[in-house]
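Common to both upcoming complexes is chain A, partnered first by chain B, then by chain C.
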Partner chain A sequence: MLELRQLCAGYGPVDVLEGISLTVPTGACVCLIGANGAGKTTTLSTIAGLIAPSSGDILFEGEPIRRVAAEKLVQRGVSLVPEGRRVVSNMSVEDNLLIGAYTRSDDQIGADLERVYQRFSRLRERRRQFAGQMSGGEQQMLAIGRALMARPKLLLLDQASMGLAPQIVSDIFRTIREINNLGTTILLVEQNARKALSIASYGYVLESGRISGEGAAADLLNSPQIVAAYLGGD
Partner chain B sequence: MSAGFSQFFASYSNIIDLCLLNSLIAYGLFLALSANMFSLATGGFMALGAYCSVYCTMELGWPFAPAVLAGALLAAAGAALIGAPVLRLRGDYFMLATFAFTEVIRVIALNWDSVTGGAIGIVNIPRYTETWHLALAVVVMVYVVFTLRRSYFGRAIAAIKQDDVVAQSMGVNVFAHRLSLFVASGFVCGAAGALAAHLNFFVGPGDFGLLRSVDALIYPILGGVNSLAGPIVGAIFTTLLPEALRFSNQLREILMGALVVAIVLYLPGGAMSVFKLRRRRPQTPGGAKLAPATKQAQS
Partner chain C sequence: MSTFLQQLVNGISLGSTYAVFAMGCTLIFGVLNIVNMAQGAFFMGGAYFGLEAAQLGLPAPLALVVALLGGGLLGVLSELVIFRTLRARGGHRWMGLVASLALARMLVGVAQEAFGTQVQRYPASPLLQISWEFGGVRVQFLQVVILVVSLLLMAALAFLLQRSSVGRAIRTVAFSEDVARIVGVPVGRTILITFFLAGALAGASGMLLGNLFNVVSPFMGEQMLVKGLTVIILGGLGNVPGAVAGGFLLGLIEVFSVAYVSSSFRDAIGFGLIFVILLVKPNGLFSSFEERRA
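Right, the complex of A and B next:
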């Protein structure tokens, strides 16, 4: 579904990513773990078309997309749940969800809205409220729901667990798992490496803009180096 | 009753016209501000609309309505032309570039004697603009803005206003939306310029400078950029205040300045946000301090 080949990207003249290659097979849930500043968010922003790569290739369904504008990528099936949720705070929950369906003009939008409400009943209760008045966990649900409204083939999740209570984090990860089980391919970026690896099938480790390790999620969870560096070796 | 009204109207019709005209300009700016475009191009757009429409009525002998339309269209074309390069700029640079546009138009008006009358301007313009024209234009604008806010387009604009990046990653073409709003704003300001020219008997290059553009920005900001009635409230208030302070010109300027500072500091949502706070308070006890988290993502 998605393939990065020697991707370099960054802000201005400085590259944050120094040649990243990774593959996300169709239907998989792949996670990218790494420390602060390793380039995780940059990777997702580049895939989503928000940052122009300086070199390398991005292939989506076999076609190069590195020059495709962000808004066009949404139409082709790439949806980003941005870091820090970034819901439109002075707009109602329902309007936020409808923004997610902005590129669509089919008659299934209402049905998809209903589906999102079924998945996140909190959002239905609060659908007339301003998004900014909700808790962090609810806003995260809204951000995920908003991305789902675009009917993505590939869902990019940027640190969905950031700043949330452990109970909420578990809920969010369970939801991500369910979304994946229903057929949406997922690339997950996380600092919460243990949680991420527990729902992913495959993992990559990002270190200072380079991939320093990869493997099946279960293997990474048991690898001594990974445990020591990212899982707080216990 | 009706005699009293017509007497009132006769003595205050100038002020009423001015209030309506400024309200119209305020909605033109409201369109631009709804996507965070702090435009100083208003003076330039109004000048285009004014000179073009006056040329049409006085030189070409056109009827009034098509002349106003021509002025508005020329201003919209001007907006489309400068929009493409200027809209790529951010914040203060955008402001400077739009100000430069206004200055360029002013200098052209100053020097193109055969069409604009140069520094002397054009006098004896027939007074075609009537109060109901202005009122109708304002009503149409209110309706347009009202409908827009409820549409898909309006939701996309709201998202852009708060966060470009999110809007983009939801599939919204940010540039195209900004451009269309900017052109619409140019159209409205151009129409306002045409109406103003045929209201005052006179146009000159000094009418459409920086002061005009800054005043136009103040109307919606003072009244409130999130509220449908904000531009009208801001425009009427700003138009009436100098009349009330006629006795002292300096005091007027000082008071206006102080007022703008006070509004920006204490009511960043504009004067209309007073009503919103009061309405929301009972529902969310202790939660009325909704931080307007709008600015964080613009940098």
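Right, the complex of A and C next:
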């Protein structure tokens, strides 16, 4: 579904990503782990079209998309759940979900809204509230719900667990797994490597803008280097 | 008492035109974080569009539509020619401020050439001149019409912003352009629509105030711009309901200061308010976390 080939990108003249290649097969859940500043967010922002790559290629469903604008990518089926959630704080929960369906004109929007509310009952309870008044976990659910409202084929999740209580983190990961099981391809970026590898099928390790390792998630979880560098002792 | 009620009537109809004008100013600020100094010129332009239409024999409601569309057209052109160009070159937002000021001066110059510097008046309408008296308080039909039209424009804008897909897109762009892009909102087109709305509101308020005072001149927009700025500071920058409340408030303050203090102090009191409010409530009288932006 998605393939990066020798992708270089960054902000201004200096590249953060120095030639990244990775593949996300259709229906898979792939994770990208790495330390702070390794380039995880830059990778997702570049795929989503927010940052123009300086070289390399991005293929989505076999077609090059490196010059496609972010708003057009949403139409083609790429949705980003950004770092820090970025829900529109002064807009109601329901309006935040509806803006997620902005590019659609079919008659299934209402049904999809209902589906999001079924998945996240907290959002239904708070649908008239301002998004900014909700807790971090609820905002994360909203950010995921907003992305789902676009009916993405590929869902990019940028550090969905950041700053959330452990119980909420488990809920969010369970939800991601469910979304994947329903057929949406997922690329997630995480600092919480253990959790990410536990729901992903395949993982890449990003180090200073380069891929330093990759493998089946189960193998990475058992690799001594990965355990030492990213999984800690717990 | 009847003086008080009379001023209340006058202040509400005057304030409603301020409110309509200020909604446009605050909308632009909410979305782009810039003050569009040409809003006053769009206001003046709208008054002339309406005037020309009325002189061609169009009935008043249609002339108002012409003023609305004409103002909107000026707004769209200013975005396409000036603001978009500056943004594409990474211009600082002060550049937009100065460039829009330059545009305002140019439009005033064009109006002077096209229509002369003489004050002009709308064709007299017997219907609008009807007035009623209730216990010493005179209410003109014109004042009622102006209030009703203003309230309709407010309701239309509120509906658009709160209930429509375009409105959600405008509010999302106001929150963050990147967030708008990741949900698929075309940022450039949404900003263009915002400029149309702001120009249309300015144009409509130009025709309304031109009728209320029965004066249309190339210079009418300059004072209005300063009033618009006062109102959006009163109401909180980018806050649409705040702009409405601030517009009515400024209209009432002006009218009451003329009636009870002196007409010489009308603007001094109105603009003195900005200073006081900036001291006491820097985010505007109606600021709250949720409502700060359009």
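FYI, the second predicted complex is superposed on the first by the 232 of 234 C-alpha atoms of A that agree within 3 Å, B and C clash if a C-alpha of one lies under 4 Å from a C-alpha of the other, contacts with A are read in each partner's own complex, and residues count from 1 in each chain.
Simple rule for what comes next: a contact is a pair of C-beta atoms (placed from the backbone, for glycine too) under 8 Å apart; a residue touches a chain by one contact, two chains touch by 3 or more.
Source: prediction; values computed, not measured.
Superposition of the two structures on chain A shows chain C clashing with chain B.
In the superposition on chain A, contact is made by A:Val88 with both chain B and chain C.
In the superposition on chain A, A:Glu18 makes contact with neither chain B nor chain C. By the touch criterion stated above, A:Asp57 is placed in contact with neither chain B nor chain C.
When both complexes are overlaid on chain A, the residue A:Asp219 reaches neither chain B nor chain C. Once the two complexes are overlaid on the shared chain, A:Gly100 sits against chain B and chain C alike. Contacts of A:Asp171 after superposition on the shared chain: neither chain B nor chain C is touched.
Once the two complexes are overlaid on the shared chain, A:Gly132 sits against chain B and chain C alike.
In the superposition on chain A, A:Ala48 makes contact with both chain B and chain C. Shared contact residues on chain A (touching chain B in one structure, chain C in the other): 48, 50, 69-71, 74-75, 79-80, 82, 86, 88-91, 95, 98-100, 102-103, 130, 132-133, 146, 150.
Partner chain A is touched in their complex by these residues of chain C: 165, 168-169, 171-172, 175-176, 178-187, 289-293.
Of all residues in chain A, those touching chain C in their complex are 48-50, 69-72, 74-75, 79-80, 82, 86, 88-91, 95, 98-100, 102-103, 130, 132-133, 146, 150.
The residues of chain A lying in touch with chain B in their complex are 48, 50, 69-71, 74-75, 79-80, 82, 86, 88-91, 95, 98-100, 102-103, 130, 132-133, 146, 150. For chain B in complex with chain A, the residues that touch the partner chain are 152, 155-156, 158-159, 162-163, 165-174, 226, 284, 287, 290-294, 297.
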